[in-house]
Amino acid sequence: MTQSPVLSVTDLVVEIPTRRGVLRPVDSVSFDIAAGEVLGVVGESGAGKSMTGSAVIGLIDPPGRIASGEVRLNGARIDNLRPSEMRRIRGKRIGMVFQDPMASLNPLLTVGDQLEETIQVHLGLRRAEARKRAIAALEEVGIPAADRRIDSYPHEFSGGMRQRVVIALALAAEPEMVIADEPTTALDVSVQAQIVALLRRLCRERGAAVMLITHDMGVIAETADRVAVMYAGRVVEIGPVREVVGAPSHPYSVGLMGATPSTSGDAASERLKQIPGAMPRLLSIPSGCAFHPRCPRAFDTCDREAPPLLRSGSSLAACWLCSPDHQHLVQSATLPEAIE
Amino acid sequence: MASFNQRLQTALDSDLAFAFKRSPVAMTATTIFALLAIAAVLAPLIAPYNPFDPATLNLMNGFTPPMEANEFTGQTFTLGTDDQGRDVLSTIMYGLRISLFVGVAAVLFAAVLGVTLGLLAGYFGGWVDTVVMRIADVQITFPSILIAMLIFGVAKGLTPVEARDEMAIWVLILSIGLSEWVYYARTVRGATMVEKSKEYVAAARLANRSPLAIMFGHVLPNVMGPVLVLGTIGLALAIIAEATLSYLGVGAPPTQPSLGTLIRVGQDYLFNGEWWILFFPAVTLLALALSVNLLGDWLRDALNPRLR
Amino acid sequence: MTSTLTSRLAIAALTASFAVVTTSVEAETLRWARAGDSLTLDPHAQNEGPTHTLAHQIYEGLLQRDMAGEIIPALATDWAVTDDPKVWRFNLRQGVKFHGGEEFTADDAVFSLKRAMKPTSAMKELLASVADVRKVDDYTVDIETVGPNPLLPNNLTNMFMVDEGWTTANDAVEPQDVANGGENYLVRNTNGTGAFMMVSRAPDEKTVLKANPDYWGKGEFPLEVTEIIYTPIQNSATRVAALLSGEVDFIQDVPVQDLERADAQEGLKVVKAPQNRTIFFGMNMGDSDITADNVEGKNPLADVRVRKAMNMAINREAIQKVVMRGQSDPTGVIIPPFVNGWTAELAAYPTPDIAAAKAMMADAGYADGFAIRLDCPNDRYINDEAICQAAVGMLGQIGVTVNLNAQPKAQHFPLIKNKETDFYMLGWGVPPFDSEYVFNFLVHSTTDKYGSWNGTRYSNAEIDALVVSLATETDTEKRNLAINKIWETVQSEQLYLPIHNQILNWGMKDNINFDVQPEDQPHFKFMTFSN
Amino acid sequence: MLAFVIRRVLQALGVLLVVGFISFCMFQFMGDPVEGLLGQEATEEQRRELIERLGLEDPIPVQFVRFVGNAVQGDFGLSYRLARPVSELILERLPATLELAFVSAIIAMALGIVLGVFTAINRSGFAANFIMTASLIGVSLPTFLIGILLIYVFSVQLGWLPSFGRGETVEFFGWRSNLGSWDGLRSILLPAITLGLYQMTLIMRLVRAEMLEVLRQDYIRFARARGLSERAVNFGHALKNTLVPVVTVTGLQLGSIIAFAIVTESVFQWPGVGFLFIRSVEFVDVPVMAAYLLLIGALFVVINLIVDLLYFVIDPRLRSDRAGSH
């Protein structure tokens, strides 16, 4: 990829100070997303996917904060902007779609109110024009009779329709970048595919970069161009979708993919059955590679030193197994034990 | 859902105790409340005088300012004396006793009545629920002060004059308690209806446990958290209600004054410079109600998992 | 803190006195407050102090009491008993006009007196001795009584004159039927001959009066007040606050504890005078057993030694000093000094002597004392409840454990009238200034006509006969001897435990010259201002 | 919706009947109106006559049926004390109480909502914590004490505001109002603050709690994610969603504002119905007391009804749900 990325995240660290110590839900995360590209971010709950998304759009709830690293939007840093500047970016240059369409819409305001308000804020249009624009936005996301439905309240829409409204809202100001945080999880299986397709189509058409956060490998397989796998706040593997899904390098990715039927996401409960144990709590992240207590192929180095992202085919994986000299590592690591 | 005991245990182990140690407000409030409670409970032992024994009073000591010698008798009182020559400090301690006793007893009465009715209404539903909740609706139509005045009036009409002084305290408890039970009943009823549909209740029912055993053994522990918070805040409300009723002259008798009675008396002397008769009881009442309110407030936040 | 407070006070006082200076230049508006409001404007419908106070500003009687309590002419210029000792003749003032312009004549006087004698009138008891009222000519009226009644004028001071034509035209010949919730035109409309006329009135809230430009008494009375704004303020703390903050100019009942403050405040003063009212305790000494005590089968109060011991235990001076702040006149008899029959001897009271009192108790067989309930009003007399509380402590010292039952007057008084209390507080005023009035109500045994307020159950046929004889005894000396004899019995039997005579106080702006009227009846036409 | 309203009205009538019976019964036990009416010097005969005329010797059920029958026609009889129709007395004084309640409700709501939103938004700030703690003082101080202290400071010491009464009133279409003159406005200030303080702290705490709850909602995050300004988020979105429970509680509190006016009105000598009630209790003026309790009951029922209807206005979900299910 030669063109400069729309979004570039480098060594991002998010910290939450609590009375029992500082938590790091996001730890040294780096990735790029190019225009028109869809990056899927996968992982179990609590892996730091959503927090990464929140960090990008600058919506981390206090006392959480970005401790270090950079977030660049088309080359310009946005992680250190003042709140008012950041607000002008949100919605205008970065749109966001949340998991639950019912909870994402204010139940007391009509769909039109919420659309018009967003359009007016970002595009500085007068009310009448904003309304036209809002109707157009609704039509674009496939709401029938949009000119009538615009005055309806959220509860008068079905779940899928609501999520279309949410997408219309996120895209209303034609952002360069869209973060979709589990956009299909709360929906019926029957409409999940439609929504994902809609999102992908609209972003393609506008050339927007998409960060698609999900734990549904089926959605990733169908939609994403590249995939980042997160575990305990870190990116453990990132690469083209075919490679990460088809031939994962990191043992965690292997387990994640193996647990997921390739086409549908309705077996979420089954996932990771192959990997014993659960994700560590943020307070007690194991030393070295955070995955090593669960890793079937862990060896001594793993609990001492955290692996950097290492090349593995066209992907990068944070696993000592990908180190060209991992055989050597295994041996040298066992040596001291032997001496003892 | 974990049972209340477990939850309380966990809470005491970690969050509640931790939050308590970390909250200067909660610590201060508890300290103040404890001091006032001790002063009240031990009043007969530690109070300098017994203000409830009229024969020991010397009227000539009346209106002695704090820490000043009385012009007729030469006696000195830490917080001065009231219009009858009663030592204000002792009177406050004894008054505190009445205020606290009425408050705690009224809360207990309201809680027991409200929890029982709420459990019954929530568990059995149907006409029991309808009757209890309609009574609650009518009851809540009247602000507690009016209900209390109403009960007081009726009780006053029904009891012989001789028994009124002894009755007054119980009537206060009854009237304040009766005006507050609705809140417990509504909370418990709602929680009970939720609990009732859970598996463990169904299991207990299948095991042929009696409804009473199920209600008190299984459902009750799970609704104790909100009841505890209601009770604490209710205690402050009851103390203020008692003071207001006594202030309006339908509460504790003047020969056995509660804090509200003392303030009613003291108000008459506010403009002429005899401030201590109003000031000390008012500050004590404020400290008592405030410390209980602060505790209740803190407890509500601490027991609310979402705010943790 | 203190200094700023003082300076603020000084500023407040300055502005207050400044306000006085500016207002007293021409129109004198008097802002007047007291605890209660007038109950009705119908001048014959209520026999009650505050009602009469307002009525006195608007209406007048044939005669009136001045600010010193002396009877002076009003709508009658002079009066005397005629040759027939049962007939009093009143010569009426000529050229007097009602506020509506009607002239006051003998017809109005006859009509008014007859109206005051109608069944719905509250004033009819005062005219019970009247057999007939006759017009002699346009300005002369005769009143004939059943027997000779030397005290008739005393009963006419609150007997107001209304215009016959106006009253009849407005269909209000019968006074307002208060008991039956009646209503008539006079309840909210006035048409008197008095120095002030009604401008507006909201009961319990505010009443505005203005000077009557055609008042007959110009030149006879100062008439400096041109407008009266009357606001009842029941809460005593609020009432004092209103005076202290300069929102009112004159209040009728300053709580005793605030007298000093009000008096000391720049621009304010308090004037005092003994009131025609005595406060005392009554005891059921007539019944053989009583319910309010803890003694079975006996009535401790029936023993005169117990009553004397209780009398001796009461420290009247302590009550005066502490409870009343000096604003009372301790006494040993239940009438104030201006009442005919009072003597210094009667009014003497024992010095408290706990040891002697205890000895008398032991003598009577109550060495260990007894318990009894004391019924007490809490909204009627000055510091009534505090006096009762003080008595509880004092009686406690001789072993009498007193259970205090203080309640509003509406609940307290029926206990006395229904003979449901054995130990109670009562205050008694004597509007006719004669002991007979007291005996009729408080000493004579309870019968249909007499003793309705005698809660002692005392019954002595000899005394009863003496009391009855007073009404028709025209020989003053013989009458006074009888009065004296009755008092001697009352005192030796210790029928009552007298405490004190109340002292009235009025708080007002410094520049007001106004004496306290012994019946607590301010007549504002007498008020003057100095600058 | 019509069925809903009818059901509520029927319920309300039931409540009122019960309330009427209670208020009527209660005063059967209190005091003796005869003494208050006749005064100390009345004769036995007068007393007997009066008892008969007032119907005080009839059995209680008979008296009650008579009472209800008259009440339905708006006739609560005549006040024993003032000898005037009770309905007239109440109508005369109701504006003063309603106006006081209205002004204190406005003060309580305006300050309560502003402070509630402030403390919710600046949840951990020093000022917010201070206000929260101070608000507890407001809840812990009895109303009568607040009134006395306000009079002491602002009337007696500073001399800024009147300590009693309504001051100058202006009449608008037969409604005597304090809001038409400077003097009237000054007069209503202290009593309204006294009466409103407790409600203000309640509303403030409620708004804060609800607001914190709402601010956790996804649609607030989404509104932020759409780049709306903090003001638009806090007031346009969060506050509106906070209002539903606030309206309920405020509505219900209005009833208790009017009831607590008894204490405030007697401290400030405010000539309203509460003051009338207290004076009536002293004189055992049964018709006025009974009518007053019924009035409070009726007011509460009406307020409840209005609150229910307000729900429909505020919350669109209810509108369609109700329309659908009834």
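A, B, C and D label the chains in the order they appear, each numbered from 1.
Assume a residue touches a chain if its C-beta (ideal position, glycine included) is under 8 Å from a C-beta of that chain, and two chains touch if they have at least 3 such contacts.
Nothing here was measured: the structure is a model prediction, and the numbers come from that model.
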| item | value |
| --- | --- |
| Each chain counted as touching subunit A and subunit B at once | D |
| Reference subunit C; chain at largest CA-centroid distance | A |
| Chain closest to the middle, measuring from C-alpha centroids that were averaged per chain | D |
| Whole-Å separation of chain centres (CA-atom averages), subunit B against subunit D | 24 |
| Approximate Å spacing (C-alpha centroids) for the pair subunit A, subunit D | 53 |
| Cα-centroid distance, subunit B relative to subunit C, in whole angstrom | 44 |
| Whole-Å separation of chain centres (CA-atom averages), subunit A against subunit C | 90 |
| Subunit C, residues touching no fewer than two other chains | 237, 241, 244 |
| Numbers and ranges of subunit B residues touching at least 2 other chains | 267, 270-271 |
| Residue list for subunit A, restricted to those that touch at least two other chains | none |
| Every chain pair meeting the contact rule | A-D, B-C, B-D, C-D |
| Contact set on subunit C toward subunit B in their complex | 236-237, 240-241, 244, 255, 257-258, 260-261, 292, 315, 318-319, 321-323, 373, 375, 378, 385-386, 389-390, 392-394, 396-397, 401-406 |
| Partner subunit A, residues of subunit D touching it in the complex | 217-219, 221-230, 232, 236-237, 240-241, 314-317, 320 |
| Of subunit C, residues touching subunit D in the complex | 5, 8-9, 11-12, 15-16, 39-40, 45-48, 122, 125, 176-183, 187, 202-206, 231-235, 237-239, 241-242, 244-247, 379, 408, 410-411, 413-414, 417, 441, 448-449, 452-453 |
| Subunit A residues touching subunit D - in the complex, by the definition given at the top | 57, 59, 83, 87-92, 95-96, 98-100, 103-110, 114, 117-118, 121-122, 153, 155-156, 166, 169-170, 172-173 |
| Of all residues in subunit B, those that touch subunit C in their complex | 53-55, 57-60, 62-63, 72, 83-85, 161-162, 164-165, 249, 253-255, 267-274 |
